[in-house]
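Read from first to last, the chains carry the letters A, B, C and D; within each, the first residue is number 1.
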Amino acid sequence: MREITYLEAVREAMTQEMERDSRVFLIGEDVGEYGGAFQVSYGMLEKFGPERILDTPITELGLTGAATGAALIGMRPIAEIMFMDFTTLASEQLVNQAAKLRFMFGGNATVPLVLRTPAGSGTGAAEHHSQSFENWFVHVPGLKVVMPTTPYDAKGLLIASIRDDNPVVFIEHKLLYKTKGDVPEELYEIPLGKADIKREGKDLTIIATSIMVQRSLQAAEELAKDGIDVEIVDPRTLRPLDTETIVNSVKKTGKVLIVHEAVKTGGFGGELAGVIAESEAFGYLDAPILRLAGREVPIPYNRNLELKAVPQVEDIIQKARELVNLRV
Amino acid sequence: MREITYLEAVREAMTQEMERDSRVFLIGEDVGEYGGAFQVSYGMLEKFGPERILDTPITELGLTGAATGAALIGMRPIAEIMFMDFTTLASEQLVNQAAKLRFMFGGNATVPLVLRTPAGSGTGAAEHHSQSFENWFVHVPGLKVVMPTTPYDAKGLLIASIRDDNPVVFIEHKLLYKTKGDVPEELYEIPLGKADIKREGKDLTIIATSIMVQRSLQAAEELAKDGIDVEIVDPRTLRPLDTETIVNSVKKTGKVLIVHEAVKTGGFGGELAGVIAESEAFGYLDAPILRLAGREVPIPYNRNLELKAVPQVEDIIQKARELVNLRV
Amino acid sequence: MTLTKEKAEQYLLQMYQIRAFEEQAEKSYMAGKIHGTMHLSIGQEASAVGSISTLEPTDFIIGHHRGHGLCIAKGADLNLMMAEFYGKENGYCRGRGGSMHIADVDGGNLGANGVVGGGIPLAVGVGIGLKMQAENKVLLAFFGDGAASTGAFHESMILAVLYQVPVVFICENNQYAMSFSANDWTTSKKIAAHGEIYGMPGSTSTDGNDLLEVQKAVEAAVKRAREGGGPSLIVNDTYRWRGHSKSDRNRYRTKEEIEKWKKKDPILRFQKQCIGEKLLSEKEAEKIKDQGYADIESARLFAEASPEPDVAALEEGVYAP
Amino acid sequence: MTLTKEKAEQYLLQMYQIRAFEEQAEKSYMAGKIHGTMHLSIGQEASAVGSISTLEPTDFIIGHHRGHGLCIAKGADLNLMMAEFYGKENGYCRGRGGSMHIADVDGGNLGANGVVGGGIPLAVGVGIGLKMQAENKVLLAFFGDGAASTGAFHESMILAVLYQVPVVFICENNQYAMSFSANDWTTSKKIAAHGEIYGMPGSTSTDGNDLLEVQKAVEAAVKRAREGGGPSLIVNDTYRWRGHSKSDRNRYRTKEEIEKWKKKDPILRFQKQCIGEKLLSEKEAEKIKDQGYADIESARLFAEASPEPDVAALEEGVYAP
């Protein structure tokens, strides 16, 4: 199969859906001529024209609301927020409006909106351009939250998100943009709410999201050399969560390590721990549930500090080793 | 000791601190003549004048930033956001600026800001005036998050928050405003980061926040009749969290039920579950960790639906009974 | 638009229905039948009816928290509306939304909004969608003077002008945002001037208690929007007679001021105009008023007899299938 | 302010330091010594130096993401600044902030900001605090043309006027917000007109490449602010020569346009003025230029020799004790 990058997969999903469905359009800052801050929409302006590739001034709240309003009357907008850090400016429209309009109107409204945004650190862009807020939006009924890890997942999940009749927060990772993988040329959907077991194993379950799936896979290779056989579950969709796959994996291995980049405290890892600790998997646990996640700091500028602020492959290896040796 | 309401306790803390320290001021929508939407600041305009009671137009982002800027040069502002739902509009300044300025500037800045806001449902105000976002802010290093339950705690914690040199999100509950309790007239601080055991018990630990502490206390009375002896831990400060008190209680009882009003998924209950499941208390658990929290819906208008959307006393009783009968 | 007898009757009836709805809302609340809060638009009826009378039935409105009058002017079914106000299952939003969220998407009412300024960005998007759908529909987007201070307003004006959306933004300036006076606040009186600068030629303000003046201004803006001429901003100057909501103690204004504005009652004013121009007789007007109140009384009966939502269905309607 | 020889030397030196700093920044980046992105203000030096030259040392500035020039004009220690740019422990922010967050609170520089418009609400609050502290200090608050479209801008202007804060808001209109052209966007060219409507009399725009014109406008505004006359809004029209950041491919503008603006180099222009008015000789100017570049070269050496932060100290400085 053809290899393309994660970034190209996102672009291809948008492009093919726009070709297929005239109600789909893209709105965001510098998504036109500039091609988006990360070049995700590069070339789309030439293809679709300014009527369907809407460049906006710096108006995160306004453009998110605009996308929501268009969705409310039957369009299928994709809004881009240039950095996830700036969803702090957009959250009123996303959380109070897009997420709630349907319920608030007694089920008589549909908001088929996708809000795409890149999260994560590692680019040296410091405190205001590196955050991961997925758990904020997981906390909001009415939203779906998707975090693709591979180019294949990115395309299939984005197509499914665009076709979904609900507002979807689609979180990309800057450091994944240039990673490559096999991606079919044709359109395909990966259903929202379906986890993927990225590696089968029997000694230990790692539940990881976004770039931490890749780092966990690398860690697993190392751990395998020591005879530690890691299973890696990638929820892919954080809301709704595929609890079943997670619970089954934990039942099988009896040990679980949760890994994400966002700050540990108040993060999605807590939700995962909660889901496991209240499930039937609890009885199968033979060690505490460990979480490895972002440190309790804003993302610093200095490269060494920045690396230290979020889990790296070595940290995962170390934590997994620790877990393997733990017993209740 | 003198009894006053929770609302009066909040007002008294602000008033006494403003009398004591000329750097303290209040800024918010309708906090002046109107007295605030809930009359919390009623009378303060007459006492302190418009130079220190700053009425603003509807500018959640602007006023939060203004408070932050004033704090940066040595003032000690208290900003009021009329409903916690509207912190969605303020979060950029709170999360990107107030929380990060100190770290970002290498430790060379101090932001002694208190952002007060009422959360919670039960007033029939529907989807846009009933939300509880505490876990959003717990997720942000640089912020402290406080949720007082009693008038006594409200006063002591607010005074400590005002005197704290960090930005503190101080979350009140609308339904608690009229509840009464003993409150000393003099100034006193309750240290941030110290949980309170609101009831001692041996069979089961309930960790509850805000109004759920009151409901849990009522539930505990009922459960006591059946011989179920509940311990109730009120973290009071959610960030930084008093993990020690929580872990010790769970070690003692071996069973834990987490109760909060905010939506369950992605909520603070997950964090608590994570903290317990990764701690030494894990080995002492003889049942899964249960969470009882807000349902996966926006808060509806209809009174019966609204009641059903968040835990009530009966729900706590039922869940506690369920837990008592659970075994691994 | 020339005022015909038929139109005169319709407008007067709608204004009386609004007045009656609000009075009933207040009574129901006082009687403990309603839980929660509400925002009454008594005194502002001409702004709602004058503005919305310029629309075709297939056009849209989007409202704000003080939105009962807008719903009625858009032709809401009074029974469903009152049932929603009562939080009943057969209300417009199945009792989920209540006073602050009444909507009828199929009927072109895209909803009231509990967030001040919350509807303005949505309006831009509706405008973008309408333009793409190319059916020559327009949207009236309502908000208060308080909303004009929000960042949402500013960003939306810029986007609306940039995309030349078929939207008329209508600021119902009732002089206060809760206790915050439009006069204290240096920008309020200049909202229309802002409109010009954003790039909406013809932005203007009206005597919002004069139905025909409102209608004339909005009509021109709607025409322009429909013909592809882009958005406009119109400020209707009016006054709310009641407190902001049930929590209001009216400390920030004087009784005299309220009395002064009551003398400018938009309903009586329009009624007098119609009688003066011989479009209606005193008696006809009286009958219309009675009709308005009777309509609301029957809506009340409908609402009170309507079933409560089933609590077991709480989680319905959060997600589309 | 009359231009003395001493002042002329100081301004020219600062502008050359800025130019040299930016060129060095670019070189260091190209050489792989810097990780991350940066925003260069080459071409905008007169706006920074002209504006900030009106301040007393005890006054404040607050900047934006393209803020190197502002720091230097506020008298930053070039070594500490370059060390911060290199992410070193003895940089202004201990390497935690980097290019986009350089600050020196004690020196009156309240920091650059990575969020467009992020500094504007802060500025209002600083103004509130300064007014309460009653020491007659003022603040210059800088932001770009792009920031003027944000809700933060609108809300802040309203609050600034309401509280009559001693703040001069300075919009550095460099014609683009990334690729978004000020000319596309109907409000940008009218930013100063907005200022008037918000209630800031004397809001004006300048030829931002003319140091003395900028200085004159800002000086008047600073005086007014210091005397309790409230805030002002000034727009300095200028141009960034470089791309927006390292990711920019310059697709949205022509080489000719860039060349045209390069001919309006604010440094050469000021230098010529000084020489023309016999305040400086060609040779003196040349020496100042060399001095500017030499200062930056020694800052580079300082930065490169400086220690990296200790990763064990990562969690320091998040909370005040």
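As a working rule, a contact is a pair of C-beta atoms (placed from the backbone, for glycine too) under 8 Å apart; a residue touches a chain by one contact, two chains touch by 3 or more.
Just so we're clear, the structure is a prediction, and the values are computed from it rather than from any experiment.
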Comparison of B-C and A-C (more C-beta pairs in contact): A-C
Whole-Å gap separating chain A and chain C, where each centre is the average of the chain's CA atoms: 40
For chain A paired with chain B, centre-to-centre distance based on mean C-alpha positions, whole Å: 29
Distance-wise, how many Å sit between the C-alpha centres of chain B and chain C, to the nearest whole number? 36
Measuring centre to centre with CA averages, how many angstrom lie between chain C and chain D? 46
So chain D residues touching two or more other chains come to 93, 95-97, 101, 113-115, 118, 149-152, 155, 158, 162, 185, 318
For chain B, residues contacting two or more additional chains: 56-57, 59, 61-62, 85-86, 89, 92, 96, 103-104, 126-128, 141-142, 295-298, 300
Name the graph shape formed by the protein chains and their touching pairs; answer line, ring, star, complete or other. complete
Complex interface listing, chain D residues touching chain C: 149-155, 158, 161-162, 184-187, 190, 193-194, 197-199
Please name which positions on chain C make contact with chain B in the complex. 34-37, 87-88, 93, 95-101, 113-118, 146-147, 149-151, 177-180, 185, 247-249, 251-252, 308-309, 311, 314-315, 318
Under the touch definition given earlier, write down the residues of chain A that touch chain D in their complex. 29-30, 32-35, 37-39, 55-59, 61-62, 85-86, 89, 123-129, 295-298, 300-306, 308-309
Taking the touch rule as given, give the residues of chain C at its contact with chain A in the complex, in rising order. 60, 62, 91-97, 101, 103-106, 110-111, 113-115, 118, 120-130, 132-133, 151-152, 155-156, 158-159, 162-163, 316-321
Sort out for me which residues of chain B touch chain A in the complex. 61, 85-86, 88-89, 91-92, 95-96, 99-100, 103-104, 126-128, 133, 135-142, 239, 241, 258, 262-263, 265-279, 282-283, 288-291, 295-298, 300, 328
